[in-house]
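Each of the next two complexes has chain A plus one more chain, namely chain B in the first and chain C in the second.
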Partner chain A sequence: MELLVYLLLSGLTTGSLYALIALGIVVVNKATAVINFAHGELFMFSGFVAWMLHVQMGVPYLPSLLAAVAFGFLLGAATDLIAFRPLKNANIISLVLATIGIAFMLRGTARVIWGGKGDYLPFPPITSPEPIMIGGIMVIPQQLAVLAGSIVIMVAFAAFFRLTRAGKMMQATADNAKAATLAGIRIDRIYMLSFGTGAAIAGAAAALMAPLTLLYPDMGFSFFIKGFAAAVLGGLTSLPGAVLGGISIGIIESLAGGYLHSSFIEVSAFIVIMFVLVVRPTGLLGSTRFRRV
Partner chain B sequence: MLAIQHLKVSYGITQVLRDVTFEVPAGKIVALLGGNGSGKTTMLNTLSGVVRCSGGSILFEGKECAGLSADNMVRRGIVQVPQGREVWPSMSVQDNLELGAATRRDWGAMRADLDEVYAMFPKLAAVRKRRAGSLSGGEQQMVAIGRALMARPRCLLMDEPSAGLAPTIVGDMVDTILALNRRGLTILLVEQNIGVAAAVAESAHILQGGEITFSGPAAGLVDNDEVLRSYLGR
Partner chain C sequence: MALFGRRNVLVAMLLFAAVAPTFLNAYYLFVANTILIYVLLAIGLNILVGYAGQLAFANAAMFGIGAYGTGLLQVHFGWPFWLAFPLGALIATMVGLAISLPALRLSGLYLALSTLAFAQFTQWVFLNWEPVTFGAGGFKTPPISFAPLPISKTLGLYYLSLILVMVLFALAQNLVRSRIGRAFVAVRDGEIAAESLGVDLLRYKALAFGISGFYAGIAGGLYSAMLNFVSPEGFDLFQMVIHKAMIIVGGLGSIVGSVLGAGTLVFVLEALRKVKGVQEIAFGAILVGFILFMPGGIIGYLKEKVRGWEEPLHRARASRRPPVAATSESSEVRP
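And then the complex of A and B:
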């Protein structure tokens, strides 16, 4: 019983991070119908920026996290300018390849700056690393901090998306880009804002996750796959679906690792992607209309 | 008010509009008729800044507008109600209307305009929180018109407002168009339904194969054998 609760809690924690990564993927996909394959690298790069500020320069944790968010936004907007805007009318394969190109560039740059393959950089925990016992359950305070941080970011994003004019313009563009253009919404800017916002959420996720694990330049792809699995599970265009998908993947991984074998942790996301695509291609909360992906 | 002169539009090597010249005088309703593929929608999309013209000019209130972007056309006062309604289906009626004013920053006046749209379409006020996609075709058309009004247009471009509506509410649409005109709006109406055009418009132009082939008063359209033959093929 204690094991189950422990596994559920740690699954929920990593799941909330996957949910944030998935949210970024979905925000971009909703607006542009493109999967940004550089999303994992945007996540990794922002995480390293937080690490540089916090560990190397001694900046306090919270400002470092905000800097990672801001940096993620700029990097996402740059991805739009370099890989999306010039290719907007090209076919989907070209667009996806362009984002893969961005991914390789970012990964290469990160290797040059922060060391070669195999260098893992530690990020100090922001809370006491000692586990505490709550009602007989072993809890690592850092996990609770990550969980709380993720929830704050999700709520902030939901408020931005639903209540602000810019957020509504993003939703309108995703709903019907032609109508948005005719209403005078500059959809090029909205695409840029979507790439930026998606990457900003990834930046927040990276800075939240860093104290739980180690940073390395090649981490992007494995986190991208987790986030992508979560987004696919949630339906690729549903924001609540992304959150639900992320938490599900986190818990599935955690239970598979705890009860089956730790080697299942890495493959469970792939199994989920395959299963969803075969059984329910529209995901849990996806719309049934077909998109051009 | 709106003067289109020698307008040419091509998609690749296909010329969609060859040499189109006509005027929409201030305060009038002008109908643009034509069969499928005649270039009517391209005409409106060029006026909306969505399609670039390859030649000619678009003068609006004396100023050249050809080549302006879509948002700048809206700012100048030319706003389109697209065919097929094209609301934002997952957003509320109120959000749809408010985003119609996407180019504006005068928040106080926007509130007043919103109240005015609700006064004009009381049905919408009752469903303001509902998702626009869940409304009937006629209600969605009201949302699309209300959304365009929120941009404070001086010239409204309407692309087949009667298309897809139940015959019983086409009459309401005619009344709405006339009411908008009485409020001072200049309207360029693209229609397939010649009866609707004749009921509201002062003058009409027929577009065929990318050229204006007939211009004249709209009232006589339904009795004009030449027009009916060339346009409707009977």
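And then the complex of A and C:
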């Protein structure tokens, strides 16, 4: 019983990070109907920027997190300028491969700047590393901090999306790009904003996650796959679906790791992706649009 | 026929490859053999992506399955290479056919991601199924011998690769010009239109996946024999990006382009072998650069600028009227 609660809690924590990554994927996919394959690397790179500021330069944690968010936004916007805008009318193969090209450029750059293969960089915890007991259950304070941070970011994003002018323009573009153009929205800017926002959320997630685990240049892809699994499970076009999917993936992983074998943590996301795509490509909450028309 | 036309260049390349071992040192012979193996990978992937338009990411996994299949059959069952090699390729073909099943329901991005997930799953199996695959450390394959023939293993393997490249190149060239090749292109250019012309999507997609699996499986078997060593690291995502970059650089939808792309990029790979980060940056930049500025690849450039590289069907010649020939044959496709 205690093991179950512990696994659920740690699943919820990692799940909330996956949810943030999935949110970024869904924001881009809703607006542009493509998937940014460099999303994981944007996440990884922003995390390294936060690490560099916080650990190497001694900047306090919160400004480092905000810098990671800002840096993520810029990287996302750059991805749009290089790999999406010039290829908007190209076929999907070129689009996907271009974002993969960006992903590998970022990954290689991180490896050159911050260390070779197998170099894992520790990030000091922002709260006390000692576990505390709440009602007989062992809790690591860092997990609670990550969970709270994720919730704050999700609420902030929801407010941005629902309440601000830019958010409403993003919604309009996602609904119907042609009509949005007619209403005077410059959709190229909205596409850039979507790529930027998605990557900014990834940057926040990276800075939140860093104190909980280690940073390494190859982490981007594995988080991308998990975020994508979450997004697919939630339906790829649904923002609440992304959150639900992320938390489900986190919990599935955690339970598989706890009750089966720790190596199943890595593989459960792939199995979920293959299963969902084959059985129910629209996911839990997705709309039926799943093809670029 | 122009002096630097397609046929003359290909014949020259083949002659060079045939006599190369007489003057290349061991390292360059290794590079040459690597090129031959990557040519097979690029041709197989180009048939799937460039001709049939299926954006799949499982090629590195197939390559791995071919290598592991060939190696493990020798290690666990003590089979000779000559039996394990074709069987390894057969296993890769079978897996290729199996992953074509989701391809029938998915297209574009969804296919890309499900095959990517499959590739990562394969990698996970290589890493974690330790009793069989020996885990992260990999395993040594028994050295092969060309016993009755009086040649060394390196030389024998080089010529075996060269012969296989020649045969499979010719096969691919003929395949893409056959009814099957035209059906692939029809599927790529519009699934609904292809179906309405009587192209059986299920059969042709499965065929494209199976063929690319076969080419990758053959390449994997040769690779395991060349290195005498198989480990999961060689079949990761970067491997996949190398294959993709080869067909983009060479030119999508061209068998000759696959050869040129593979040849070019193996040199880039070898030149940057020292630093993995720099390799990754270079391949990412090559991928983005070619997609943005030279979408037709090397072959597109040659077709446009050099005499004798025009596609045979596009050559102006009174005696042959390609559109008519193509229509009369495509009407034979069964409903």
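Throughout what follows, the second predicted complex is superposed on the first by the 291 of 293 C-alpha atoms of A that agree within 3 Å, B and C clash if a C-alpha of one lies under 4 Å from a C-alpha of the other, contacts with A are read in each partner's own complex, and residues count from 1 in each chain.
In this section, a contact is a pair of C-beta atoms (placed from the backbone, for glycine too) under 8 Å apart; a residue touches a chain by one contact, two chains touch by 3 or more.
As the structure is a prediction and not an experimental result, all values here were calculated from the model.
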Answer with clash or fit: chain B and chain C placed together on chain A by superposition. fit
Have a look at where A:34 lands relative to chain B and chain C in the superposition and call it first, second, both or neither. second
Touched chain A residues, chain B compared with chain C: C
Which partner does A:82 reach: the first (chain B), the second (chain C), both, or neither? second
According to the stated criteria, A:4 is in contact with first (chain B), second (chain C), both, or neither; which is it? neither
When the two structures are overlaid on chain A, which partner does A:263 contact: first (chain B), second (chain C), both, or neither? second
Scan A:185 for contacts with chain B and chain C and give back first, second, both or neither. first
Could you work out the angle between chain B and chain C as seen from chain A, using CA centres and rounding to the nearest 10 degrees? 90
Partner chain(s) touched by A:156 [first = chain B, second = chain C, both, neither]: neither
Which partner does A:98 contact after superposing on A: first (chain B), second (chain C), both, neither? second
Which partner chains sit in contact with A:171 here, chain B, chain C, both or neither? Use first/second/both/neither. first
Quick check on the superposed model: minimum Cα to Cα separation from chain B to chain C, whole Å please. 19
In the complex formed with chain B, which residues of chain A make contact? 165, 168-169, 171-172, 175-176, 178-186
Going by the contact rule at the top, pick out the chain C residues touching chain A in the complex. 49, 53, 55, 101-102, 105-110, 112-114, 116-118, 120-121, 124, 128, 237-238, 241, 244, 248, 252, 275-288, 291-292, 295
Could you please specify the touching residues of chain B with respect to chain A in the complex? 48, 50, 69-71, 73-75, 79-80, 82, 86-91, 95, 98-100, 102-103, 147-148, 151
Counting only contacts in the complex, chain A reaches chain C at residues 34-35, 82-83, 86-87, 90, 92-94, 96-98, 100-112, 116-117, 217, 221, 225, 228-229, 232, 263, 266-267, 269-271, 273-274, 277-278, 281, 290-292
